[in-house]
Structures are given as C-alpha cells and as structure tokens.
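This report refers to the structure that appears directly beneath it.
The first chain written gets the first letter, and so on, giving A, B, C and D; residue counts start at 1 in each chain.
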Amino acid sequence: MSAVSVRDVTVAFEAFRVFDGLSLDINEGEFIVLLGPSGCGKSTLLNAVAGLLDVSSGQIWIGGKNVTWEEPKDRGIAMVFQSYALYPRMSVRENMSFGLRMAKTPKPEIEKRVNQAAETLQITHLLDRRPDQLSGGQRQRVAIGRALVRDASVFLFDEPLSNLDAKLRNELRVEIKRLHARLGKTTMVYVTHDQIEAMTLADRIVVLKEQKVQQIGSPDEIYRCPSNLFVAGFVGSPQMNFIKGRLKGGDNGLEFVSGKRRLPLVGYQFSQKQRADGEVVLGIRPEHLTVADVGTWSDFKIDVVEPMGADTIVWCSDAEGSLQVRTNGCKGSAPGQHLALGIDTTQVSLFAANTGERL
Amino acid sequence: MRLKTRVSAYTLSCALIWSSGALAQQQKAEVLHWWTSAGESAAVKVFADQFTKAGGTWVDNAIAGGVNARAAGINRMVGGNPPTMLQFNTGKQFDELVTNDLLRDVDKQAQAGKWRDIMPKSIVEASVRNGKFYAVPVNIHGQNWLFYNTKVFADAGLEPPKTFPELIATGEKLKAKGIIPIALGGQPTWEHNLFRAVLVGNGGADLFRKFYGSRDQQAVKSPKFKETVELFGKLRGLVDPGSPGRNWNDATALVITNKAAMHFNGDWAKGEFIAAGQTAGKEYGCTLVGDGSSGKLVIGGDVFVFPASKDKAALAVQDKLIEVLLDPASQLEFNKKKGSIPVRLDVDVSSMDACAERSHAVLRDPSNQVEAMELLSTPNFSGAIQDAVTQYWNNPNMSADAFVEKVIGAMRDAS
Amino acid sequence: MNTIEPQGCRPRRLTVGRVGVYAFLLTAALFILLPLWIMIMTSLKPMDEIRLGNIVALPTALTFEAWSKAWSSACTGLECNGISVGFWNSVRILIPSVALSIIVGAINGYALSFWRVKGANVMFGVLLLGAFIPYQVFLYPLVRIFSMTGIYNSLLCIILVHVIFGLPTMTLLFRNYYLGLPIELFKAARIDGGGFWSIFFRVILPMSTPMLVVATILQVTGIWNDFIFGLTFAGRQNLPMTVQLNNIVHSTQGERAYNVDMAATMLAALVPLVVYFVSGRWFVRGIAAGAVKG
Amino acid sequence: MDTISIRAPSISAPRATVRHRIRTRLPASLALLPTALVVLVVYIGCLLWTVRLSFTSSALLPKLDWVGLAQYSRLFANDRFLTSAENILIFGCLFISGCLILGFLLAVFIDQNVRGESLFRTVFLYPYAMSFVVTGVAWQWFLNPGLGLQKLVRDMGFPNFTFDWLVNQDMAIYTIVIAGIWHGAGLTMAILLAGLRGVDGDLWKAARVDGIPTWRVYISVVLPLLRPMIVTATVLLATGVVKLYDLVVAMTLGGPGIATEVPAKFVMDHLFERNNIALGTAAATIMLIAVVSVLAPWVYARYIRSQGRLG
C-alpha cells in the first residue's frame, strides 16, 4: 500500500493546465524528492497533495484513503515552508501548539508533544522566544517542530532550506535526514530545485520539467542513467559533458564519432537496438574522464584548472571543443599542458539528438 | 535665485497696484457680498444694472455665507487689496474696521441725501460712528414675522394668534388635529431668532433693548423676563421632534406643504413661498405676535461699507455706487426681489406684496421700530446668548432660573 | 457519506460562509451608497416633490434640469454660469499644486531617509505635529505673511499654500517609502559618483511609482475639495470650483434648491472619483509600499 | 574621490573627513532648507503668534495688548468648550475604532476572492472624494425621524420603531460618528487591504494545514501583522478627528443645543463669526497643547530619536 498516491491528476488555473493526468505513487516511509527548476510545477504538485490547491480531475490518496475532497488538516499531513511561515507575535511554544489547540487536544497531550518535538530538534531553550528573536536556522527548526507535533504520517517540505545560507543548509539537511530515520515509518515529500539536496536526502527522486515527470528513480539511477538530456544536465555538478556526434557501425558493434573523436561503445547497454548513422549526444560525467598520458582521446590542452580541495576540475579542449574533467590529484594541473583523456565506456550516456531521450 | 524671487514679487505687486489704478479709470467697482441664492442674485442684479447704466462696470464677487464673505473681505483689507465695497449686516460687525481707520466715512453723501431724515432712526444709529456715517444701509429686514398657512387655519376654524399666550392655546388645538403648530429650523441661529421674537413680543421693546443693548442685569432678573423665558420654554411642545438640525427653509417648506401651521422667521422666508408659487395674503399670511396691537418689528438689514482709499478715481467710483444703492427706483426693485423693504421710508411701496406693505406701515410709527440684536450687541455677546438659548431650548429640564444665570454670566463675561 | 468516489474538484457548494461574504459586502455597500442614492434621487426631482419629503423614493417626474443648471446656469451672485466656471480654475490650481507638493515631499523624504542632515529629524517632528493643527489657525498670520511678500491673492499664492499644508503628509509618506528601499542601492550610486540630485533623479525617483500614485490620489482629493484656502488665498480671478459649489449650496437667507445642490456636489466630486476609478489597484499597492514603516 | 589608504590615519584626516562630509551633505541641507523655512515661519511662527494672541483681548482684528490668562479662565468656564472637548474625545475614540473595525471587516471580506472586487473597492472609497457640505445634508435627512429611516420603517408597518438619535441630545454625537465612519472606513479599508495583500501566502497555507479556522487566522495571525498599517490609518484618521468641523456644520451645526459642538468649530466660530479672536486662539492653543502632549512622545520616540535607518 502506498502512503501517497496521485492518480491521474490534472491541475488547471482557468485555461492554463499545470498538470495533465499526472500519476505518482509514494511508498510508506519513503523519502521522495520532487526536483526541478523553478516553474516546473513541483510546488503545485505538493500543494495539490496537501489539499491547498484543488485538482481539476483525478484523485489523491493518502494512507489508503481518498482525500481528494478533504481539507488539508484532515489528510494526516504536516508541512514545512520555504519562508518558515511562523505565526508572528506568538512564542515558539504557541506556534507549535496552535494547531493542536484549535483541534481541542487535551492540554497535557499538547505539552507532551511540544516538549518532545522541541527536544528532538534541540530547540527547548527557544520555546518562550518569539520568531523575530530567532535566526533563520532556528526559525526553520521551529517550523519543522510545528510540523512534528501534528503527528502526521506524511511530511511535506516546500523548499525548506532555500532561504538559508550554505552552512546552515548543510546542517539542517542532515538534521532532516536524521529525523526521517528516527521517525521510521513517516513518509516525506520534499520539493527542491537543489540537486545536492535531492541526491543526499532522497530514497527516490522525481525530476520534473515543464509540468512533466522526466524520470523517477533512486538518486543513483538518476545520476548514472539519466533518462534524457534534461535530467542528465540538471543533476550533477559540475555538469555532464555533452558531445554531439553520430553513431557509426564499427568492427565491434556501434561506435560514437564526433570529428576526430571516436568512442567504441563496447559495454554500453542500449535500451533498444540501434541502427547506425543516428545523430546522438554523448554524455560523460567529468569524473568518468581520466587524465592519462595516453588515452582514448588525445591532444587536449588544459585551459583552466579549478582546485576544489578534494578534487580538481580541469577544463581542457581540443579542436572539437572543451570538456570538464574531475581528477583527484594534481596531475596535469598547469594550463597549457597537453594531455590525453581516458573514458570508461560503461559509465557514459547516449541520447538521441532529436528527442533527447536516452538510447 | 533669491534675487529673482524678490524681483518677481516686486513686479507682481507693481502689477497689482497698476491694475487697481486701471480699475478706477474704467470706473470698475469690485463688490464683495454674500447674496448667492437665486432670489438674492436677482436682487443684486438690480444694483449692478443701475451701476452699468450709470457708466460703471460692476465686478461681482459673491461668496456664500456672511461669515465667509466677511472673513474674505477683512483678509483682503488687511492684505492691502480691498474690494471697492463690501457687505456687512447692519450693526456692530464693522466697529473695529472704523476704529482702525480702514473704512471711508460717507457723511458728506449722507448729509446731501438727508439720510438721517428718510431712514428709520435705529438704522441710522447703526450706520453712524462718532457722528459720521460709515456705512450705507440698503434694506430693512423684519426679523420676527409669524408666517402662517391660511388654509390650515381656515380648516381648523382658528384665527392667527395676536399674543403669545393665545399662540400657545391655538397651537395646542392644532397639535390635537395632527398638525405641527410651529415649524422651526432647529439650528442655534433660528432657535435664537424665535427667542427674540418671544422676547420682543411678550417682554416688549424696552426689555429687548435692555437685554441686548445695555446688558441690564436687573432687567434680566425681573419677573417679566422670567415669565417670557418660561413662555419661550412652553413653545418646545409645539415644535415637532424632527426640528433639531433642520435648515430654516425646510421648516418653511413644512408650512408651504400644509404640514405645519406657523413659522417664525425674517421676511427673507418669503423667497421660499415665492419659489413655491405662493402669494402673501393668499396661501400664507404674515403677522406680528405681541401685545395685541399692531406689533413691534425687529429690524436689521444689510449695509455696504467702503474701504478707505487715497485714490481719487476710486473714491469717485464709490460715490457713484452710493448713488445707485439709494436711488428710489433701485431701492424698490432691489427690495421686491430681496424680500426686504426699502431703507428709505419715503419710497412708495404700494406695488410691493402684502407683507412688505405691512412692514412699511408698522415702521411709520418709530415706536414700533426695534433695533435688531445685530444693531444692539457685539457678535461675541450675541453668540454667547445664542449658546445659552440653544442649551435652554434643547434641554426641557433646564429651569428659567438656570437660563437667567447663564445669561448673567454671559453679560459679565462677553466683550 | 459520499456516494460517488471523490475525484477532481471539490464540489463547490454554495456555502453559508460564501453567502455570508456577499451578504456582508452588499449590506456594507448599501450603507455606503445610501447617501449617494438620496443625493441622486433628490437631484432628479423638481423642488415641489422634494418638499413632500420622501427622500429615498424614485422621482415621479424625472428631470435632469438640476444637473444642467448646476453645471452651467445656477447663479452664484451676479454670474449665472453654474460651477463650470470654477472648473478650470480648480484645474489650474490642482495641477501645479499636486505636482509641486509631491516633488517637494519626495525630495524631503529622500533627504530625510538617505542623508544625514543635522536637525532634520527635529524639523520632521515639528512638521508631523503640524499635521494635527486645524488649518483655520493659520489663516490670519498667513494672510499677513503673503501680503507682505506681495503675492497675496494670486495663483502662485494658493499653490504655495497647498504645498505648505501638503508638506507633512507628503514628507511622511515618501520618507517611509524610501526607508523601505534597500540602502545598498543608494550606496552603490554613491560609489558610482552620484551626487544628491543625480541619485535622486536617476535612481530614486524612477523607483517611486507606487508612492507617487498614492500621493497623487491623496493630494488630488485634498486640493480639489479644498474650500477655505481657495477662498482666502486664490484671489477673485482664481476662485476654485468649491467656492462656487459653496455659493450654490450655502446661503444664509436665500431660498434653497436642493436638487441643484446635490447635482453640483456630485459634479464637483467627479475629478477625484475618476482618479479613484483609474488608479484603484495602484492605490492599494502603493499604500502597501508606503505604510510598512508607519 | 578618496583613495583607500592602509597607513595609519594622519592627524589631518579627521578634518578632511569633516570637510568632505560638509561638501557632500550640502546639497541635502540645501534641499531641506525651503521646508525648514516653512516649518520655522509658517508652522512655528504662526503657532507662536496664535499663542501670543490668546493672551490679548483681540476681537475682530488682532491686537497685541496683554490680558494674562483672562481668556483661559473664560474658556474653562465656558460649558460649550467643555462639551466640545468631551465630544471630541467620544468622537475620536468611536470614530477611529469604528473605522478600523469596519475597514478591517471590509478589507477581509473583499479579500475573499469576491467577484467585482474593484467595484466594491470603489464603492467603499467614494465617500472620501465627496465634499461634506452636501453629503452631510443627505445624512441629516436620512437620520431625521420625520423624513428618513424612522419614517420609512414606520411606513413599512412598524409604528413603534424609533430612531431619533439625530434630534436626541444624548445620542446626536453618535450620528456624527456614524457619518464619520461612513466617510473614513473606505480609506481605512484600502490601507488594511494593502496590508492583507502583503501577508506571506505560506502563512495561510501553514494555517490551513494546521486546521486553524479562517476567522481565527485573521484575528491571531494576520491582525498582528497589520500593525504598521493600523498605525498609519490611525494617524491619518486622528488628523481628521482634530480637524473635525465640516461634518458637524453640515449635519447638526453643533446641536441639538450644544450637544455636538467640537473644538475646531468653537475656534472657527470665535475667530470668524463672533469676532472674538482672543478666545478662539486660546481654544486653539489648548487644542495644540492637548495634541502635542499626546503625540510628542510618540513622534519623538519614533521619528526624532531613531535617526532613520542610518543610525
């Protein structure tokens, strides 16, 4: 049984259809991330699940119940927002307990839940402060705490870390992951445009673009086998290298050819049988290129070197164009130096040039 | 930049001086007054036409509301840019302008025109300061008329009352028939006007003068005054509950539409009757309530004053204006339209309406002439009394003694 | 129980709450429109019918005479040209007064919020207190001051008066608005070598649109409806429409034509009303921007 | 332009900064100069003149004799002035709170995604554009028992219905309040609506997820957020309260009796109608003192002490 099930949902604002017949099943206890650039409709989807937005057709099921017509408060969900959305001029304690008080929960029970949540999030000492006396990170902790006391089976996060600086973002990211682990069977749906958050947090990632699901899969799948050019380009930093070329029949099967660059595609798993002579795009992640004295491709010259501590990004180019290479050492790290590149054929991706779909 | 502003201010003031000089040369007269309603406009047009005929150019500057108009006029005199002539009510409103030498004395013209002989004595006194005329009266308004609806009285089989006790008895009978006995504009001014009608009618001219003129505290403590005040209080019962806040003309309309029987007002109220197509002596009548005799008429009116000037041409224009204002023909025409009567008692009024003729007849006997409050007291004292009257009128629990107390306080206090 | 499986849009029942919302709004609108209704009805009746006194009834004898009379032929003293005479005077006063008072307010607000000038805040405090004093108190001394400078009773004079009395509100509004703008902007402009005036005209003023709209609305309403200043300072040649309106409406002893009064009032209010209609949405947005720092 | 120097500041540096500051701030000072002059000459000058006149016996024209506190003792013995002061307090409290409440309700209801929003908004705002001189007459008729509401309801078959506040000494001031609210509620609505539109949408979502009833969100969450708007509206309304004059003149002329007299009318009447400038200016001075003593601490704390944002 899935915890959240979106069945053939259409969301439309007057004439404009945001989604047309979208379906998605989320398993119980799963951490799912909706990833996509802004305007892709990921927040709209989240709001539809929360019931903050009416669907035009289709159904939404949560916990085995059809909640399409239910009020948000009756869906067994809790939600955390980008702008924290803390109630102003109410103390942290009041913020966390407001919903429970409205639901006429007994006082001792409220007390218990608030204290528990506060402890979990280590904000007990802030309980009597007001939001405007808190830092951004503290505010977001409070917002999470407010969601926590609702005892919901599904947590919805709407870009919760986007307003925070990098350091806090990392810290809270871990916090959320830990929280998910501690809560055990709680399902989390998390919206973000940050692929690192998506990769680190998700059990499964749903990549969205222009209101369409591009790919659903584990972070690993998404990273290694992106289903199209968009996903390939959106996930991963630095970006995947894309090389335009065509497929040619060779001695050992198909071969990728782009100018004088050639790559025999031995070991590449095509999703279907390919004919030769198709226009394609070859995608290679920077870490799947290795710097060698003698490699698959040679005659590269280093343009720029970006040392990043743990590894180094080397920009190098030949007559065909420039590529990024991630190396772990300081080998070949002077601009102007010549080098050759080795390629692990099993790790590359091939996309049809016309549709952008993975081959 | 600062220099530039000074220069422009200088040229501007030059232009002003030049233009006022030019005004005089063309015999232009700028007249500031507050006659803005349709009837009043028609009246002032009589003067304007006469002046034009005499070769002048009348520049009309009408500002509604005596207060506004007077304030604007005084501001302009203070600001050094006065109009050629401006209107005041007959009375003490312009006293201080005389003492500050802001007004021109027109006694030469008064002697030539024998104003002291042809005008009622009280009007003359109200226009003269230090033995000299400083204002030209143009009309006489009777302020204490009782207008009554002839049809209502005929239907009820009643006669218009002649004394106030009679009026109260008549009023009770009318009230029993479901008619509003007295239509009153429930604003302090009109409540005060009603009070004065009662005071002069029941208390007599002498008491009236002692009250407003000499502020005689003894007179106020007299039984006659108390009786009058109590009588005034009894009139509350004859006024409909919708009175407070009502405009005077809405009260007049109640009489016009047969809803009310009687209405105390000045003769300007005739304008409303005329506008509704009614004629004095037919649909409505006017009478004076008092001791049963022909009655005492409280008279006030309007005057024009002339800002002092050294410019001979300007003085000539003013002279011409004065001629026009007091010309018998324009007097008659003006007052017909205005609803008042000519300030010259030597004008033949047979062509005027019944009420005007009655006024004229009453005023023939100087003992019937009573100076209006504006002539007797300062605006400040009148105002203080008005505050007291409106409090008394609107608070039935206030005793006549308490009212007397307030009045004495005002007499002591008000300048 | 739902017999059909819920899907798609929540069924939009006409809820009690929804009915309540419209009921309240309509009741409020009725309450607020009531005087307007009375005025329109009265303006369409002849005086005989008005004297009968049913103030809310529809006219039995519909007539637009009062409107045309109010506009072009009602007498205010000798001149019988209605309030149309004053219309252009009002416009001539309105446009420079509004423009000038807004620009001065904007400059003041800018100087107060971005530059530190000694004593400026004290000056601002006094100005704010000034907003609470009845205007009438200023009349006499101002007449004296203006007649000393020689511009009393002129167009310039009335415009200056409007600018002077618009100062507190205008300065307050713009100061608050500018305090809400990011200071970095100003700093960047300073680093680029911008001086007081160039920053104001090139950077700040172009960003002030919402507040300019609000200021325009407030000033147009205030100045268009002003009577006492126009009467006292404008001079006979420049008397605004409100003076004619007052002449028609107010008369101590003359008879009254209520239908003309009402029509004249509505005609006189047309200009601000048009401004409201045209700029309604901007008004709300601009106030939001200006009120933040109240 | 100054160059950045790492050397320790030399002795002449501070002086240079001062000179620099003066040079760059000169245009700002010059720009404020006209306003400063106006404040000095018009606001402060006229006020001092007014205060001075209140110690004289000026009647129709100002004169500069000295009568000490005589006008003030007259003023405080004058029941009309005392009633005026009491009335303005009643009016001020009820008018401001009434406008805020009605304005808030209107803003909230208009914010419910209603059809014809701009029409409603304009309807609620139109009274603000109308001159009171005649709208006051319309109100007067409507509230008059013989003409307006009371007559209408009675004619509809409720002969015992009574609504005579306008002519009732004790209640008349409340009719002024009603008409005042009619006039001011629209502007308040516009200001508060602006505030509502500025509320973070996420807050609304959070409240819905928490299951908090809409009305409760408005009271507990939105209202506190509107505080700056409420302050602005209150200030604007309060300036109107102190200046209250037209409305009273148009509706009741201070009556019945002196039941609806207000200080500004007291001042006006004495300055212009009763030729008693001295008493009028004394009353104006008292008004001024009252206003200053209420507002000065607020203005000081909010605008003078806190040096804008740069401080």
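Rule of thumb we're sticking to: a residue touches a chain if its C-beta (ideal position, glycine included) is under 8 Å from a C-beta of that chain, and two chains touch if they have at least 3 such contacts.
Just so you know, these numbers come straight off a predicted model, no measurement behind them.
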| item | value |
| --- | --- |
| Steps needed, at minimum, to go from subunit A to subunit B via contacts | 2 |
| Busiest interface, counted in C-beta pairs | C-D |
| Chain whose average C-alpha position is farthest from subunit D's own | A |
| Centroid distance [mean C-alpha coordinates] between subunit D and subunit C, Å | 15 |
| Between subunit D and subunit A, distance of the C-alpha-averaged centres to the nearest whole Å | 54 |
| CA centroid of subunit B to CA centroid of subunit D, Å | 37 |
| Chain centre separation in whole Å, for subunit C relative to subunit A (CA means) | 54 |
| For subunit D, residues that touch 2 or more chains besides their own | 137, 146-147, 272 |
| Multi-partner residues of subunit C (at least 2 other chains) | 53, 139-140, 246, 249-250 |
| Subunit B: positions in contact with at least two other chains | 68, 71, 78, 247 |
| Every chain pair meeting the contact rule | A-C, A-D, B-C, B-D, C-D |
| Subunit B-facing residues of subunit C, complex | 47-48, 51-53, 74-80, 139-140, 143-144, 146-147, 149-154, 156, 231-232, 236, 243, 246-257 |
| Of subunit D, residues touching subunit C in the complex | 1, 24-25, 27-29, 31-32, 34-36, 38-39, 41-47, 49-50, 62, 102, 105-106, 109-110, 112, 114, 118, 120-131, 133-135, 137-139, 141-142, 146-148, 152, 182, 185-186, 190-191, 193-195, 197-198, 227-232, 235, 238-239, 242-243, 245, 264, 267-268, 271-272, 277, 281, 284, 287-288, 291-292, 295-296, 299-300, 303-304, 307-310 |
| List of subunit C residues in touch with subunit D within their complex | 21-22, 24-25, 28-29, 31-36, 38-39, 42, 53, 55-56, 104, 107-108, 110-142, 145, 164, 167, 171, 175, 179, 183, 193, 195-197, 221, 225, 227, 242, 245-246, 249-250, 258, 261-262, 264-266, 268-269, 272-273, 276-277, 280-281, 283-288, 290-294 |
| Residue ranges of subunit B in contact with subunit D within the complex | 67-68, 70-71, 74, 78, 93, 95-97, 100, 186-189, 240-247, 378-380, 382-384, 387, 390-391, 393-395, 409, 413-415 |
| Complex contact set, residues of subunit B against subunit C | 9-10, 12-13, 16, 30, 33-42, 44-45, 48, 58-66, 68, 71-72, 75-76, 78-81, 141, 247, 249, 253, 256-257, 266, 268, 271-272, 274-276 |
